[in-house]
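Next, two complexes with chain A in common: one pairs it with chain B, the other with chain C.
What follows is the complex of A and B.
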């Protein structure tokens, strides 16, 4: 190209010469002249100037061409979809709970059925091990400042620990220990204040400085499985109880706010970090339900796809998606307003997934499962990790856009949706589908043969809610 | 005790003192007494308090109401985030790049005398010192015009500028053309245009039209004062000498006089309706002030009494070389030419002044003697050119005037039509529109004129007439053109076809059905449906049959060029015959057409159902049709189109949305999209679009 431009310059020079020559002979010749600035780059380091003609007639078949590109992009996405990154092994019992560090991306805590461990994710190694409780570690949470963390266990204690590793010769001792009356099943910390909440027989709100709860809520229930602070409206709480209910609280009020009773028990719940009033709960009936806390009489989305009880759920920090862990040995990622999952992760060796976390940079997912392992996954299976060159980034964006544009075309749709599943899950899915269809058919038949109006149509959303207790 | 002791030391308080205070307010005492009595009399028991369960329920409901109201404040933020084209996480990012100096040195104070002096100066001139980077006047101007408005305005200005430059370039090109004929044609077109415009103006803007008329009057006065067109110049004299022998010269002189007459004809400005009569009289009675004495000789212009009759005048008007109406403005007119013209004009005027009237009279007397003076053609031409401009300008007005007189109605209608239209459209806008339209029409008319004039030239050559007769030839051409006017050529804009929604027809009763059937039968009596169908089918069969593909390339291996055919053998060799397709499915079904367009291999890739959010296939097709890639779009457009919906920063912790964001958002919503010049420092929601806007505003 350099040669070419040089020759052009030379041509121009020649032309000028010939022009002067022509002048002598008083002849008129028309000459093509170009400004070298238009095609010669200033330095070698500059990008080559590529003149482009956007005339559509010069670039025909735009739709078929882009379709082919979209198809290729979709196929490549499936080729590169390798979400599994690492397995953190070292626990000697099933991992029961995990906690994210609010200030450090590379730090993660996990509690197993016999003790607990602090992990460094970038090195994929265990940084510190401590025997926190006798028996299960039921829940753990890092204080908002990241300097200490709390754990609750089967030994009816709440312990506060320093985040720093104790120096040489120092003993591994908790900063603070609170002895409770009953077993605590879950713990969560306030977003900004020194207040935390535990649940067990009742929901207790604790001040860090006191050894007795500042407030206790109970509403005719004697066992709670999970309690969570709202990360946005920080005074709000929600808990899952064993009487199949989800209860809402306000820390400032003396009484709970409202309770919704569902068909089956909810295991855990998670608030949307970007939408103050939305939360999702994982249910025993294989589904997840997203509620607007103002309208508890029906969930606004039912997320189906799991084939066994859903044990844990965590929102992505962007609030656009959430990930769920299930007893069926899979992890599924759901867009927050879609009824079905966009992706499913599973490994041969991964057993019942008990706990799940979405990392706070929106890139990774951590799953803790029965078989003593913690697994690190990519949140987007085909995403390339690390820094991208600008052109790479542009290419990724373009292919993403193409996929979005042609997403309704059958081939692209088929390829992008295709996932391999373990046989057991696949067959179970099929079975569930058959069951559901049968139920639907029966209901239809019953409706057909009963008095019109006597069998009202109940939507999927309304089906799962029993009552709302005020 | 201690306190009591202290009190006892000072002044003692007795019971009587307390009663004393009661005495001061007897009304209160009485009131309490009454209340006590009432209580004693009242024997009804208090209601039992609500049970704990019920009170708790009420408490819960109240608390829930309160919290749900509190939470609902987020609704707008949530919706906004859902609709946002792009969300950049973490939300409360500090804007990258260098910070403005005011923010960095917020606590800084002027200390040295020099600094103090500078600041005092700034303060005196009302220049911004710290936070509001703009002066009050600048801020006011910003408030006066929003960014969008400014953009629109700028775009408008750019457009007009571009149009102007186009026009100028065009005019320059036109100016460079040396063909006299071209210019003549051009001028004619302009004049026509001007006339039309004036007619418009009479209807729409009577005041402006009046002014034009006044200008005309002024030009008339000038003409009366000058000796132009009075056949007193050198050229005229020479013509006068030639006139006896040369018919053309005579005609030329005649024309000059006609021009003079046209120009000096009095125009009456139709100010009032009362003056209309006068106007008529003015029209019927031409001004003969400058006319020569009446001699009744048809051939010799000098012997003629009446200088012109109505039809002749029109003809002359038509023949007059068209000129740019000066008043309308000729933006691209090169000044050089004008200057040249003016020089020549001055010469002629000097000459004419030198000769004066006496010479003219003398000439008239010595006309019979007819001395033959040799005057070169070149001179004659020069004079013609010099006269051209002004004369045409003047004749312009006269023709205009005639147009006016012909349409006596419009001035009368002026007051009615005027104000309504003027309210609607501003004059500036109107002008812009006119300019554009004119340019377009110009091009068309020009091409027409050139072609016609060319034909005229050809005819003249064929006929072998002399140069002096070209004028008459053009006249002929003009006539031809008049006949050949085609509405399609004239009307550049296509007529609007207004699609009227079909009026809902009433549903006919069952009884009417028979009638309808009959009517339909009658209506379609001529149509042969069966044969049509057969024809259709045959056509489809034809279309389905494969065509022979000819791949011969002329010039490969043999000579190529105009009129040369590739050899037969070659044609035979490169002709690809395609195998016949499988027999049609409807081959043996005479009254069925089975479309065989559907390609099963393609069908696998086609969307068979309309996807969910779309309501019409067209909408969906539109989204598919527009390409996204760099091949079809510019770099910036591609970036904009393919921007991802969610952008996260590598290695940054995304924290939950904070309550401060809500407060900020609400404040913004209250104040509206005001111009926020301060860079956002606290945690704030950042949508790409907002950021961009702010950046732009900063630049502004």
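What follows is the complex of A and C.
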């Protein structure tokens, strides 16, 4: 290597003194002469040398090549979009509710219409079965410490159970049983204290140590279907009532804070874990509504796409997306501020989806449906599971960025948006669209032929709220 | 700096202090300052302490920038190079892509944030690229003569004597007098050479190690030869049809759709082989799937002058009437037609960046055009006229006149009077081609082939992922797969390759037109009013006309109402603006009372 030194400038004059020639001149010349040793690996065990030169003129067609890469990445994403992972079967009746374990990712609880089961998700097997209630298990929640859980059922009882499996010979006994006056429909536990809340005919706040509620709220005669604690402002509560209202409470006050009455009944609601002043409710009118707690007079966003009543909703732990379960036998994933879904999951055998949960590691979705099964889905349909090599990770990030960059190009947009839907849902979607268009047209015509100003334009967001009561 | 700071620390107990040695990184600024001071004050005694002051100040500033990196440590030393190393502005410019737009206004804070972040990322990338560019291992070649000596008088033998053995071995002659004259092509990496003799001799070789890969005689006239995407395949335009061979010389395909091909160009990123035939057809063959993409009848007679623009993959054809036409596979007519010469066009070459086109014609002129603006830049007169042109990666132009090959430098800059180099081949020149990534010019002529050394022709630093002359078989295979995956579709060929990344500012009308074209009907078209048929004489033609008129009037009223509203709105806005202006003008003048 020493012979071919880096600067190959030779003084020709010096060089030629020994030779016989006529034309003497001094010139400076350098010719490219690469030493192959600098560019080829030394032994077979080394990795190949790849010298780089990022000069843009050596890399023509930068944009068309990136576009082609983005197109390929989009196509591959659709090819690898296989979200369904496993089906957990074992229940002998429809699964009515589920609960996440706050401390263990692999543990999950499910309550069916006749009993309840604790699942281990990594092994996909049932760990423990217990007969909790007679009739439906209406709601269940794991205590924040993860050592025990509460269930409510149709037999008007609240039961507290230990999370550990009872030892050999021990009886499967609840730690605590509270007999209530009416049927409880839902239960939620406080984030930090030994306080939980149930709803049924009224919203009751219970202390774990006592057998009677420490506070009860009711606002008119109604029954409640769901109650949830706010994950950040832990003293706040929200509940869905059957008189089409969503009621907000402060646990420390004697009366409810305010309520919003909508056109149709909301089934469940879920607080956004990151922006905890927002909550999303799943409604009977096929839509989901995201509200800002402070401004209830109109929803923040209306999420449309389902073609039947939405039964359950759960936020991802990042608070950027949520998943909804519907009576139309599909699951949809919505970005929190988008009006339409990002993805839709369905299988042939899945019936009406009753309960849905987004796992705490933001990777999986669990859906419980009528036909006695719990299904495990990937939250990102095309994501590769398991550990990624650094280069794999870099490639994934790169293609993600490219897809983002070219997402509005018609061809890429078309491919990434394409989803196969069951025929019934497809036709129903079309039908709904026609109906909506007809309604809009009619409204337009009415407005055209009535006195100007007598038919104000009502936006989609304002349409669904009847009134706000304080 | 170490020495200087030490002296600074010590209190000058003697009245006059010794001047610290200057360092090269301080030189320019300080020299400037000193000069200024000398002119101003003209006092040498005053100067020393002042200069000292400025330096301490500067040191403080620099240290402040990088959180005390330039500050003195306990030992009294300070960092001579505080802060990150500066990057030269030209290098940064080289890696700049597009221009920075304005930031969106504050209310759109999310978008603003996204824009700020992405611009920061691209700035970082640009800076890192520029830094990396400083550290590239190889420098370009050069040739400088004595003070009163022209470099064109330096012969190849002189150069070979002056340089090292490996570089000297790049000058060689192949005497092939039997089947010539020869046309040639270098592969994309510059490693392999393909020679095609007019009388049927086809050979390919690794020209650096002088290893013969295959040699054969196709027993037919050979018009042109071209490597395909790698050194495994090449295309030969023979008397009648186009043939594709592998590097062992085995005939893989005979493509009968491509007949009488005279010239070929290969577009490596599109995997397209463009051919120009004697019958006036410009055809594109997709070599990755083996299908003809398009055949364009140029209606311009025999096509024997062809070049492609490496920047945007547009084919340039030269015609016997002196025009040069630009073609894409997406359009049956030429994109551009330029009248370049008074006689026929003999040869065309386009530079790597797609900025310049060089043409030579029967009128013995050599012209340089800016093909972004379609503007002539230079025009030269060559006594013999140039038959073949070729541009190197670093912008050297080789022109063959008879049996002499001349190389010019910077033909598009200041008018050139003398060639950079010249060489007499043994026979009349038939094809010239610069070798990529090497300082070599291949010359095919009647008596064989000459590889001549042209210092400064080739790009010194190649990119290993794009064209690596030292790649192994495995690396080549991997590159091939990657290249095929990102093959650019022929539809994307256009004058501006970066158009795809620009925002489509199509108007509403344009979008509407597209929509109508896609749907096949106009969704917003107004239904023509057809009056309902009414009975009992209410559908008499007079009544029908009346009803029609009523509807038409109503529509018209809508339009009128709209325009009136618009006008009133504009009026109101204008008035408000005027009012504001008046308020801004503010003060009343004494002459206001005379105003109406």
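Convention: the second predicted complex is superposed on the first by the 420 of 470 C-alpha atoms of A that agree within 3 Å, B and C clash if a C-alpha of one lies under 4 Å from a C-alpha of the other, contacts with A are read in each partner's own complex, and residues count from 1 in each chain.
To be clear about the criterion, a contact is a pair of C-beta atoms (placed from the backbone, for glycine too) under 8 Å apart; a residue touches a chain by one contact, two chains touch by 3 or more.
This is a predicted model, so every value here is computed, not measured.
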Partner chain in contact with A:67 - chain B first, chain C second, else both or neither = both
Message = Under the stated touch criterion, which partner chain does A:129 make contact with: chain B (first), chain C (second), both, or neither?
response = neither
Message = Quick check for you: in the superposed arrangement, does A:50 touch first (chain B), second (chain C), both or neither?
response = second
Message = For A:59, using the defined touch cut-off, is the partner it touches chain B, chain C, both, or neither? Pick first, second, both or neither.
response = both
Ask   = Touching A:387, do we find chain B (first), chain C (second), both, or neither?
value = first
Message = Is A:28 touching anything from chain B or chain C once the two structures are fitted on A? First, second, both or neither.
response = second
Request  = Considering only the touch criterion stated at the top, classify A:36 as touching first (chain B), second (chain C), both, or neither.
outcome  = second
Query = Where does A:148 make contact in the superposed view: on chain B (first), on chain C (second), on both, or on neither?
reply = neither
Task = Mind working out whether A:87 is in touch with chain B, chain C, both or neither, as first, second, both or neither?
result = neither
Message = So chain A touches chain B in one structure and chain C in the other; where do those two contact lists coincide?
response = 54, 56, 59, 62-63, 65-67, 69, 405, 409
Key: List of chain A residues in touch with chain B within their complex   = 54, 56, 59, 62-63, 65-67, 69, 102-103, 105, 191, 231-234, 236, 248, 250, 253-258, 273-277, 293-294, 317-320, 360-363, 386-387, 394, 397-398, 400-402, 405-406, 408-411, 470
Remark   = Interface with chain A, chain C side, in the complex: residues 94-95, 97, 129, 132-133, 136-146, 149, 151, 154, 158-159, 161-164, 166-167, 170, 269, 310-313, 352-353, 437-439, 453, 455, 458-466, 468-472, 474-475, 485-489, 492, 497-501
Inquiry  = Quick check: in the complex, which residue numbers of chain A touch chain C?
reply    = 3-4, 8, 10, 12, 15-16, 19, 25-34, 36, 38-40, 48-69, 72, 405, 409
Residue numbers on chain B that touch chain A, as the complex places them = 56-57, 59-61, 63-64, 66-68, 70-72, 74, 78, 81, 87, 89, 604-608, 611, 620, 623-625, 627-634, 638-639, 641-644, 646, 648-659
